[in-house]
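Got a structure for you, questions after.
In this document, chain identifiers A, B, C and D correspond to the written order of the chains, with residue numbering beginning at 1 in each.
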Amino acid sequence: MKIDRRCFLSLVIGGAVGTTLTPVPWKLTDDIAIWTQNWSWTPEPEDGPSKFVKSVCTQCSGGCGIIARTIGNRAIKIEGQPDHPVNNGSLCPKAISATQHLYGPSRIQGPMKRAGERGQGKWEKISWDEAISTVTEKLAELRTRGKPHSVACISDTDRNSVAYLLDRFLRAYGSPNFIRTPSSADAQELALYLSFGRQGTIGYDFKQSDFILSFGCALMDGCDAAGQMMSAFGDMDKKTRLVQIEARLSDTAAKASQWVAAKPGTETDLALGLGHVMVRDGLYDKAFIDSHGFAFEDREDEAGNAYPGYRSLVRDYSPEKVAKTTGLPEKTIESLARAFARARRPVAVTGFSNPAAASVNQALAVFALNALAGNFQKPGGVFVIDEPDYLSWTEMKIDKTASAGNQQARIDGAGTKRFAHTRYLPNRLPEAINSSQGDSPVQALLVAGGNPLYTLADPQSAKKAFEKIPFIVSFSTFMDETAEQADLLLPHPHFLECYQDVPTPAGMAKTVISLARPVVKPVYDTRHTGDVIIETAKNLGGFIENAFPWKNHEDFLKKTLSDQWETLEKQGYWTDDSSRDNSLEKLFRTSSQRFEFLPRAGFETQGSENPKSKVQTVSLPGDVNELPLVLVPYSTIRISGGAVANTPFMTKTVDANVIAQQDVFVEINPETASEYGLSQGDKATLKTPAGNAKVRVNLFEGIMPGLVAMPAGLGRTGFSDYIAGKGVNVYGLIAPAADPASGLNAAWGARAAIGKA
Amino acid sequence: MAQQPQHTKTKRYGMVIDLDKCTGCGACMVACYAENNVPFRQDDSDKMRSLNWIRVMKVDNGKAFPDTEVCYIPMPCMQCDGQHMQGHSPCVSVCPAVATDYDYPTGIVSQIYTRCFGCRYCMAACPYHARKFNWWDPKWPADMEKYLNPDVSARMRGVVEKCSFCYHRYQKARDKAYVEGRDELHEDEYQTACTQACPTNAITFGDLYNPEHAVHSLSRSKNAFRLLERLNTNPKVYYLSSKSWVRRVADNYLEGENPEQVAKARKAAATH
Amino acid sequence: MSTQSDNQTAAAGNRSSGWVVFVFFMIGLVASIISGWVAFPELLYSTKQQPIDFNHQVHLEQMGGQCNSCHFFREDGSFSGSPTLEECKSCHMYPMTGNENEQKFIDEYVNQDKEVPWLIYAEQPPCVFFSHAAHVKGADMQCATCHGDIGHSTSLREYQENRITGYSRDIWGKSMLRLGEPDHGGRHQKMNDCAECHLKETGSKGDCFQCHK
Amino acid sequence: MTTPAIPEGVKRCSTRQFTLWLAVVGAVLLWGVYAMFLIWYKGLNQTGMNDAYGFALWIWADLAVIALGGGAFFSGFLTYIIGKKELKSIINYAVIIGFICYSSALLILALDIGQPLRGWFIFWHANVHSMLTEVAFCLSCYFAVLTIEFIPLVLENPKLDRIPFLHHLSHNMHEVMAVFAATGVFLSFFHQGSLGGVAGVLYGRPFAFREGLLIWPWTFFLFTWSAAAVGPCFTMLVTWLTEKITQKKLVRPEAFELLAKISGWMLLTYMIAKIADTWYWAAVTAPARGFSLMEFYSNNPIYGIWILIAELVICGIVPALILITPKWRENKNLLVTAAILAVLGVCINRWVMVLQVMAAPLLPFQDWYMYMPTWQEVATTILPVAYGAILISLAYRYLPVFPHEKELNPGQ
């Protein structure tokens, strides 16, 4: 018997034939296919009983009610809370995708101190004890050196419990430098104070109004307004008119019954022009003006000085003249004024989620239209909501150091003689620091939200100023642009992980206080900023410690909200319908006890000799010949322009002619584009007095020739790779321009030039 | 064993989207991503490779400033009934491995990711580009896997996916009905994630066969139309618009044809 | 080349050599058949022990003979599946019987606040939506029909897991080739098994979305 | 020097020369194989395809290669069924070319799916209504037939032929080849047709959609017809190329002559049908869906009306006329030109029926979708060419592919 190659071959063939008669090949084929259906790297979400928790979104100041679906300790999805008075179930994409920020790579996962150079991104994990004692030591040292006023605090709000605790802390410690980051509400609130004499917010009864005249408000394109406005728009019948005044066909303009494309920066003129027609034709509420108006007619003060009134002021704003300024047909101005005046419940809106900064005068001019319509505190009209007072305080005593510190002038210059009524001037802070000789006037900066290095008007000079501040603490939840430049990170939990009170959002016509509450247990080693302040105060001891008799933030909330806590816990919000006083009698707290068309307070601060010429418009710096175009920012609800960046989901929704790879597209009218030899998709260089940017071109018929529009919210460096590095920050290209009346930034755009790259 | 419960009465779930109300905010898209575990990428700007079960298209009337008008058109899967209203939708009939079928009880076109082997014939067949391919393995950075919805399975690379009209919500509603001993679902019990999320209530969802559901009358209203109706795909997603130019860009017309007449002729032909 | 002469020898017809070739063929055939039918199934599955040897019989008696005392429907229509630690704790916060498994449960899970990692015999893959409500409430089926009479078992069987797919051997099924009959007295639960039963009971295998997600 | 592996009485180049040639082509092949593994490992993101281009270069290559491989079935049909003895001279080569084309198509199909390990679902979970299912089944079956047709030729290698068993096997297979040829023709009819059906049934794509007979759109028949017409042209072209490279006469002129004539008439009748189809589509089918003809050929950088003219006239009518005119086709240069044009024409047709279908927008607010293949796609598309060259080289060297080679090249 010879065993040769053929035997071996037969063995193999026999084996192969046999194998086909077994399950092996067939089962393996099947199982390998099943393996591709159950790849271990494809996640399999764990199931369990679903729970629905009511809370409120705090990612912008809109204050929308949400319902979070959870499974176990996982937040699965955010949906609108249908019965919430602010948004009635409507939510913007950011609220819906909040879980992405909760679990995303943007989170700061625990307290850290800087390990390398500033901004290098090197961090060392530390314990909370070490973190808090570092802050305490630094603050104690500055106090011993008698420089408590060199501590400043920046926050995105001055109206919730954390803001109050911070403010209280600063006062007990001895610093007047609590600063709120800028927003379009600044000028609006100042105008409210000047003409109504009240500190608070303005509410619009959109749901009942039949004519909404919006002066460039990103009602449905921007944060803050979207929840309220989209819910109102959803309910609107076809008879309600929404008129959008804006040079670009925004989404709000697209949905409006009428799009009035006035040149940007001429809103004040248009408002006065509309006022002109109404006054000229007697289309205004005479009864209201007679009993509650001030400075409608020319007047004299006690000293016998003559001051012109609103009537004389608008005389200069004839439709013919305003048509020239605004670029609108006279006919449009006339008919718009008449339509507004004849509507039953008209309301004029400005300073509510505007993408561009607006002047106080613009706000006053629009208030005047509402006054002419006599729609204050009436259904479908304008309501004044006072600053929240739901947090009941205990009195506190402060020591001498503190009281000396508190009496120092604010570093940002707010409240000084020049800007007597302005509360915060965040945009002047960088200048104040950069222009100081020697040490920075700010020796320690606490940043509790607001992400100033992104949201300030001139981020480059803000960054330069921050470099001079020796000690920066960020309480940010995310590795935002400001946290990147900080020395110490004390991360605040995500809003789905903690309690937070939310006061009445701007635009709401009634008081609504909501409570955000822990939907899931904290994912990372974070601590509530309120807790950190209380603990720091305790560490500092003495009067400061005594000013904070609470265990922690939650304890503080429960105690100060005593009456409303239960309602808030149960319902998620608390609203005050009954106690609202809609009478006009006590509405005005100006010195005249009336609505001041041309506020005395305003003139006094401006110290104008010739009040007639006082309606100054903010002109843009730069040479018109060199920079023939105008760059204007625009909001889109798919990109977040504020402190907290958009989520990756939101970026995903953005069209390829807005962002493509790293590039942002600017919108240009095809007519303008052809003048500069630009076609769709071209790479171009955009030049403004503040700097240059590489952009791409998107031709859009819906934008006024001569303009270049860029979306706000891009050009971030912080957060995560999913967000950073796309496009440029449009506000970095728009140098701040101070509103002479307030010192606030009122740069509505920037002169610009564009050329093929 | 007892008989199959009486949930089998045929329904025809459909959607009516009021374009006059759609602000293009993208809430529907984001809600859909969150509900259906749609992955995302660092750079998702290549829209032809970006997973979307509903896309909001921006269209304009082509007129010069300031007569320009813009309309947003949200496009989920149209859940076509097919040429003869028998479930012969363009994609279902071409799938070689029965990875997609027409669910007769609801009229919803399914997509089974574990059956799909990624030939992409269905994508070639779909005139709406509603079908999307998983070009990459999905990746959820940091702790993002925690927010994934267990009601919808995560997809792997190499398969096609598309809008399911949130069929899992139908399943869950049915389960609840079973437990409560009910046969029928209420209109509000089964709503898609996009419908629920739409902040201006532009989207209405329900059973087109059921006269008590809002979609029944809305889909029959004067301003109702569907996209590419002339292809005879018979979509179950209807649109409403008061603007005639919007209607014109929703389908193809030869010179001299007008949408109303063509629609009328179609209806007449259908009744014959 | 040397093969040439070999071939020629073979071609000449050496009888015994032909037999040798055939014998080798048969060896290959039989060996592969045996290893394919006997060894392969053993290799394909890994065997795992349940974390705790649970006694269904005892619990069934204590809980009034009802499966749904522990495996119940939630209000939203979903099925609870295996009880959570919280649910077990409502009785077993402290030892009740002195049984060693109970002690282990309390020591390792209750006291450490850890969920028990039960191995679910009938665990369906993530692409499957299985409605207990439709079967139990809608079609009035008994648990044992699919799961076998696990309720009267005093001990948990070992759990077998397919090394390639990660499937439990219990759902293993008819598709391609099944490797043995179910030994738990219930039914296989792979898709073809579901379809077969649906076809018999409802006249249709059902549409894809009925069971897939 | 003649080694036993090389068929008797023919001369082949030196081993060194042959190895060098294989190395060059092998390098190209390896490049393709590298790209292939890259695609299998990393997935289809390695391609230039996207959601608008679910089908792209590969599907075109598949369709084209199968149309060109149609020479095998049609020559087989003519030789074995009709009994055209003249074609015996070329039939072996036609089979080899067909085998290369079909194996390439299968390889590309295996690449072109997102989940290759589930590829067998197309057979196991087949949807009988899908044209692709029909393609898969017929393609695989016909590939099996081609393999069977190829085997006897392989067995005729002098070394293998010495083994009595293989010798008898090969002989017996020759006897029944007519049966396989008939099966092949039947299968080919269906898969060529169903490939046409792939695009033609897409009623959501007015550019591709064609009405038809029962369940088959007109493209079903047009594809079969065009493959039958152009397949032999490709066979002739490759044969001519082989003759040029080897500097030998390999096939009897009668074979060329007959094949050219038949091809010409097939092409002419195909063109008449194709033009009629195009006319009906442009005048009735598309307008009923709101499209005018020129909408399909304007507003984009590539697809102008030129492509229709190129396909129908320059690469359709012109080669058909050359091939049916005896005087013209006798001129080798004209014959080859006609064959090249015809092959180009069918490639354009397949390109249009795949890529232009994907490119044309459907909604008025959409733009044309453009596509650029990546090097990985290109490399894997060239891979079959390299593989084909190698297989042809090996077959030519070691197998008696051309039965009349000895007779045509006396004294070598």
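Points worth noting:
Throughout what follows, a residue touches a chain if its C-beta (ideal position, glycine included) is under 8 Å from a C-beta of that chain, and two chains touch if they have at least 3 such contacts.
Worth saying up front: this structure is predicted, and the values here are computed from it rather than measured.
Central chain assignment: B. Criterion: smallest distance from chain C-alpha mean to the mean of all protein C-alpha atoms. Taking A-C and B-C together, the chain pair joined by more C-beta contacts is A-C. Each chain gets a centre from the mean of its Cα atoms; for chain A and chain C, those two points are 56 Å apart. With centres set at the average Cα position, the gap from chain B to chain C is 37 Å.
Chain B and chain D have Cα centroids lying 40 Å from one another. Between chain C and chain D, the centres computed from C-alpha atoms are 48 Å apart. Shared contact sites, meaning residues of chain D that touch two or more other chains, fall at 115, 118, 121.
In chain C, the residues that reach two or more other chains under the touch definition are 76, 78, 125-127. Under the contact definition stated at the top, the residues of chain B that touch 2 or more other chains are 46, 98-99, 114-115, 137, 153-154, 156. Within the complex formed with chain B, the chain D residues making contact are 43-45, 49-55, 112-116, 118-119, 121-122, 125-127, 129-133, 136, 198, 201-206, 287-292, 295, 357-358, 362-365, 369.
On the chain C side of its complex with chain B, the touching residues are 73, 75-78, 125-127, 129, 131, 133-134, 137-141, 145, 201-202, 207-210, 212-213.
Listing the residues of chain B that touch chain A in their complex gives 20-21, 23-27, 29-31, 33-35, 37, 40-47, 50, 52, 56, 58, 60, 62-66, 68-72, 114, 137-138, 140-150, 153-156, 196-202, 242. Within the complex, the chain A residues that touch chain B are 36-37, 39, 41-48, 71, 74-80, 87, 89-93, 96-97, 99-100, 102-105, 107, 220, 226-227, 230-231, 233-235, 238, 249, 251-252, 254-255, 259, 261, 523, 637-638, 647-656, 659-661, 669, 671, 700-705, 720-722.
Interface residues of chain C, counted against chain A in their complex, comprise 3, 6, 10, 16-17, 20-22, 24-33, 35-37, 40-41, 44, 74, 76, 78, 80, 84, 125-127, 162, 164-167, 175-177, 179.
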